[in-house]
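Notes to accompany the following structure.
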Amino acid sequence: MPLSPEQLAEIDALRAHPQPTLRATVPGMEAHLYKAQPVLDHGFVRVIDYMGDDSAICQAARVSYGKGTKSVQNDEGLIRYLMRHWHSTPFEMCEIKLHVKLPVFVARQWIRHRTANVNEYSARYSILDREFYIPEPDALAAQSVINNQGRGETLQGAEAARVLEILKSDSNRAYDHYEAMILDEGQLGLARELARMNLPANIYTQWYWKVDLHNLFHFLRLRADAHAQYEIRVYADAICEMIKDWVPAAYAAFEDYRMTGAQLSGKGVECLRRMLKGEKVTQETSGMSKGEWREFMSVID
Amino acid sequence: MPLSPEQLAEIDALRAHPQPTLRATVPGMEAHLYKAQPVLDHGFVRVIDYMGDDSAICQAARVSYGKGTKSVQNDEGLIRYLMRHWHSTPFEMCEIKLHVKLPVFVARQWIRHRTANVNEYSARYSILDREFYIPEPDALAAQSVINNQGRGETLQGAEAARVLEILKSDSNRAYDHYEAMILDEGQLGLARELARMNLPANIYTQWYWKVDLHNLFHFLRLRADAHAQYEIRVYADAICEMIKDWVPAAYAAFEDYRMTGAQLSGKGVECLRRMLKGEKVTQETSGMSKGEWREFMSVID
Amino acid sequence: MPLSPEQLAEIDALRAHPQPTLRATVPGMEAHLYKAQPVLDHGFVRVIDYMGDDSAICQAARVSYGKGTKSVQNDEGLIRYLMRHWHSTPFEMCEIKLHVKLPVFVARQWIRHRTANVNEYSARYSILDREFYIPEPDALAAQSVINNQGRGETLQGAEAARVLEILKSDSNRAYDHYEAMILDEGQLGLARELARMNLPANIYTQWYWKVDLHNLFHFLRLRADAHAQYEIRVYADAICEMIKDWVPAAYAAFEDYRMTGAQLSGKGVECLRRMLKGEKVTQETSGMSKGEWREFMSVID
Amino acid sequence: MPLSPEQLAEIDALRAHPQPTLRATVPGMEAHLYKAQPVLDHGFVRVIDYMGDDSAICQAARVSYGKGTKSVQNDEGLIRYLMRHWHSTPFEMCEIKLHVKLPVFVARQWIRHRTANVNEYSARYSILDREFYIPEPDALAAQSVINNQGRGETLQGAEAARVLEILKSDSNRAYDHYEAMILDEGQLGLARELARMNLPANIYTQWYWKVDLHNLFHFLRLRADAHAQYEIRVYADAICEMIKDWVPAAYAAFEDYRMTGAQLSGKGVECLRRMLKGEKVTQETSGMSKGEWREFMSVID
């Protein structure tokens, strides 16, 4: 269980005293506030704060004095139009702040999204906890044989057992030694900023992460995608569930235009037109490479 | 008066229905919400939304589960420490959204601050209003004779009158012609995106502007400064008044370390040490240029 | 002609003395360096500097010690793969610096692209030249009757003449008064930072603009597009011509995947699959709005 | 030695064929190009490309057609003025691209500087090398007893030996197991993206990092500072040596105004003025906290 009783008490305290506000408020999001949504074996995502709602997107797009448009239905139409035409700035007018606990190797991918604000737990200043990501057996994937950057079958039997044993024992030994180096018992004790270098990349860290909705959608498009590494995808999936409750119209437009849609090349559009006129097009007559053709066929078939 | 009765009614509607929220809430900021604070002759600044408070800065700095520190006094100490040591990321955890009405030449300076989100009223899509900035007589400054980028004395008498007459009549003529070009009465009417090019830089525009507290402080340091152009400084000053009511501890630290403090060069520090030991230092013996010496003396004298 | 003999002499001086360098160098781009490519009536774009080439994109993608891949053909394949899969960071490893002269209303659109570096000619410090954008007759478009943010037919005869006359005379009067306000002849002279507010948005300004290739492609996708305002599109078109000579493989991939390709929604993909199976799909049975359907049909037809 | 003969041959090939260019070129920087400057036990920094020079800063500040100012001396004066008055945009007109090999825990600090372009070696796609940072004995610092985020004395004798032994043996065991998990010999082999999670934070990674001069100075101010962790400071120091050879005037201004200078608070300025008038000021009469007073005294004494 990722949270201590003391931490749960702090969360309860934050949820105990609603205050009146004149700001845009979303009941569905209030229900999420501060609660930890478990991800992986020790991780979580929890919403700390949010700014704006679907209506705030329209309000900014129109630079209006009051709310955005006259009705929820008009808001939806406008939001779909903005998403379809890549008018990204109105979506930047919504902001969300998350507290995330995640393995270091996931954090290293995540931080590559630069247009966000981050405060990470400092291992120079503080001592990290003994918490490591150990995959579930069905997440123990082999290297893909067709894609250098991906996963293939799941490891079985003795091989799976050996891998799990390595991960567990190496994590624990590394942490034992980390503790032994920083604890002093009559010795000086190595500086924390140095001792942490012995810790493996499956140790958990945590941070506050704040991002606007446009950049969050960009993150989700790449990280909730089938090509993303499973261990970051589960965080993206958990965030998607929250966003649905926060800005349902914007999320629906995002899903239609970004997640379930497709990007075609000029060559792809050309092939499509020929096909729709009844021509039989093959990879050889398409002008595409084999890789492009395979991806194109997966869209239309 | 910058707001129409219809606009005021929209603002009243937004202020009429407080909702319960679990988010960090600041009563002093709630009092500002949606209200237009007048700036210049037709401009205003109004707060549309905010995220976070002083405590949220500490909460992020500590990556904590509950509030930041145990007491308001501890929060203040931590905030001063963060500001003094340029730990900027915790201040990025607060966010504010403003609706600003401002002359185009002010907007052109303002937009140079890139780390912010902006939605501007579209003159491709909509027709601009007939509202121009005409300076008050005491803002009619002459070109500085000692600083190429600054103001000197105030224009007087006939010269002042002539300048005001030019600004008023040219603005109105430009707007008359703008209207004449876009209105069709039996003609096609010039596209709005073209007709707007006839309008001078003192016409008012408006935008939604969203920024985090760290970047807002950077904006205020440069734009609430004595060297900033008066017409943008009055906006920065109006924003300062709101920020005091939002994050009083952070604002106090900003004021002490950024606004009333000073940046010394290595040469300046060296001179200071010599002076404090009783040596008489002059520009000639300081190693500084005349400009640097003048600025140095204005700090210590 | 936009350049004075003195300016041309400065450009010739910069082109007179090639220096040896070990950096990635592109002969096609060297031919462009410093020369002004005319755009509109007084504007131009000229390349001041560039960093990287097609090979540098691959070098960064592979984090290699030497060049990117073994052959130009491999470079092309890798670049197409990166573009297709939205791997944007290798394209950020190329950088270009441009000097652009452009009307203020174009500059105001351009500056909305925030991930770039800009130094603009200062009208607080310096006096602007008497140069205004006056459209060619065939660019005098009427407001579109079907799209609020666009152009329709071209103005003709008396209406066109009247518009041109307004633009010319208002520009000149505004500049006469600008000069009259700042020149002193026995008077103080209004500060430049104030006097400029009388100048209309068709006056020319200029800036140095530096951007990486990924963000430049984003700019070009939006601004070289048919929906962009004509007056910024001609700048984007002129830049496209330069980029072709700089990074031909990256530009070809950009053209195929971004410029001539299409983004389909999930609904669009669904319709397409039904159509390819021989079903007759109409707007009514597509689940799309009329606007979406019209845009969808323009892709496939 | 960090580079293999094959890598050195690739570097020699890049240095073998100077090309003529019309771009701003700096002989002192050409001498650095592609060569690896060793840092720590297996790391390095090497310059891959650069854009601009001291003159380019002035050229952009003046938005000029040719070079920046008439003389090197004028360039220096202008650059000092720009640095003193926080006119940061002209410094953004210079750009540098580095190839850096560095331990992962250093990379994690480094990446927090968001305004830069990065391509990191992919441990999803490729297999990492067996190279770990093992500190020199004099870098084996104890935790500071006065500053939670810092180092104190150096570990000695048995304690030092024990720490080094732990770091070495844990690194090697982790790598042995990493190899064992991914190599298949009759088994599937764990996916690389998973196996890497067993590797500790002292393993070396590498990346291409591209940044403009303004943001590089900001990085250097924080990371070449005495409060930065030693292991990132040595990289910053190595970069400083390169920058001196690239933009000597800008670097000298940076050193004077940012590195050897000091930031005083409003309270600090007030105390200083009292001191210079002969008053004896103590912490008690200064209005500062003990921490602030200690830092203030270290500036002036």
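In this document, chain identifiers A, B, C and D correspond to the written order of the chains, with residue numbering beginning at 1 in each.
The criterion applied here is as follows: a contact is a pair of C-beta atoms (placed from the backbone, for glycine too) under 8 Å apart; a residue touches a chain by one contact, two chains touch by 3 or more.
What you see is a predicted model, and the numbers here were worked out from it, not measured in a lab.
Looking at which positions face the partner, chain C and chain D present mostly the same ones, since more than half of the interface numbers are shared.
Ranking B-C and B-D by contacting C-beta pairs places B-C first. Work out the mean CA point of chain B and of chain C, and you get 29 Å between them.
Separating the CA-averaged centres of chain C and chain D is a span of 34 Å. Chain centres here are Cα means. That of chain B falls 33 Å from that of chain D. Counting partner chains per residue, chain A shows two or more touched chains at residues 89, 112, 118. The part of chain A that touches chain C in the complex is made up of residues 77, 80-81, 84-86, 89, 112, 222, 227, 255-257, 259-269, 272-273, 275-276, 289, 291-292, 295, 299-301.
Within the complex, the chain D residues that touch chain C are 3, 7, 10-11, 13-15, 17-25, 30, 33-34, 48-52, 56, 59-61, 63-67, 89-90, 92-93, 95, 97, 99, 117-121, 206-208, 210, 212. Of all residues in chain A, only 103-105, 108, 111-112, 114-115, 118, 122, 124-125, 133, 135, 139-144, 148-153, 155, 159, 163, 166-167, 170-171, 173-174, 177, 180-182, 187-194, 196-202, 229 touch chain D in the complex they form.
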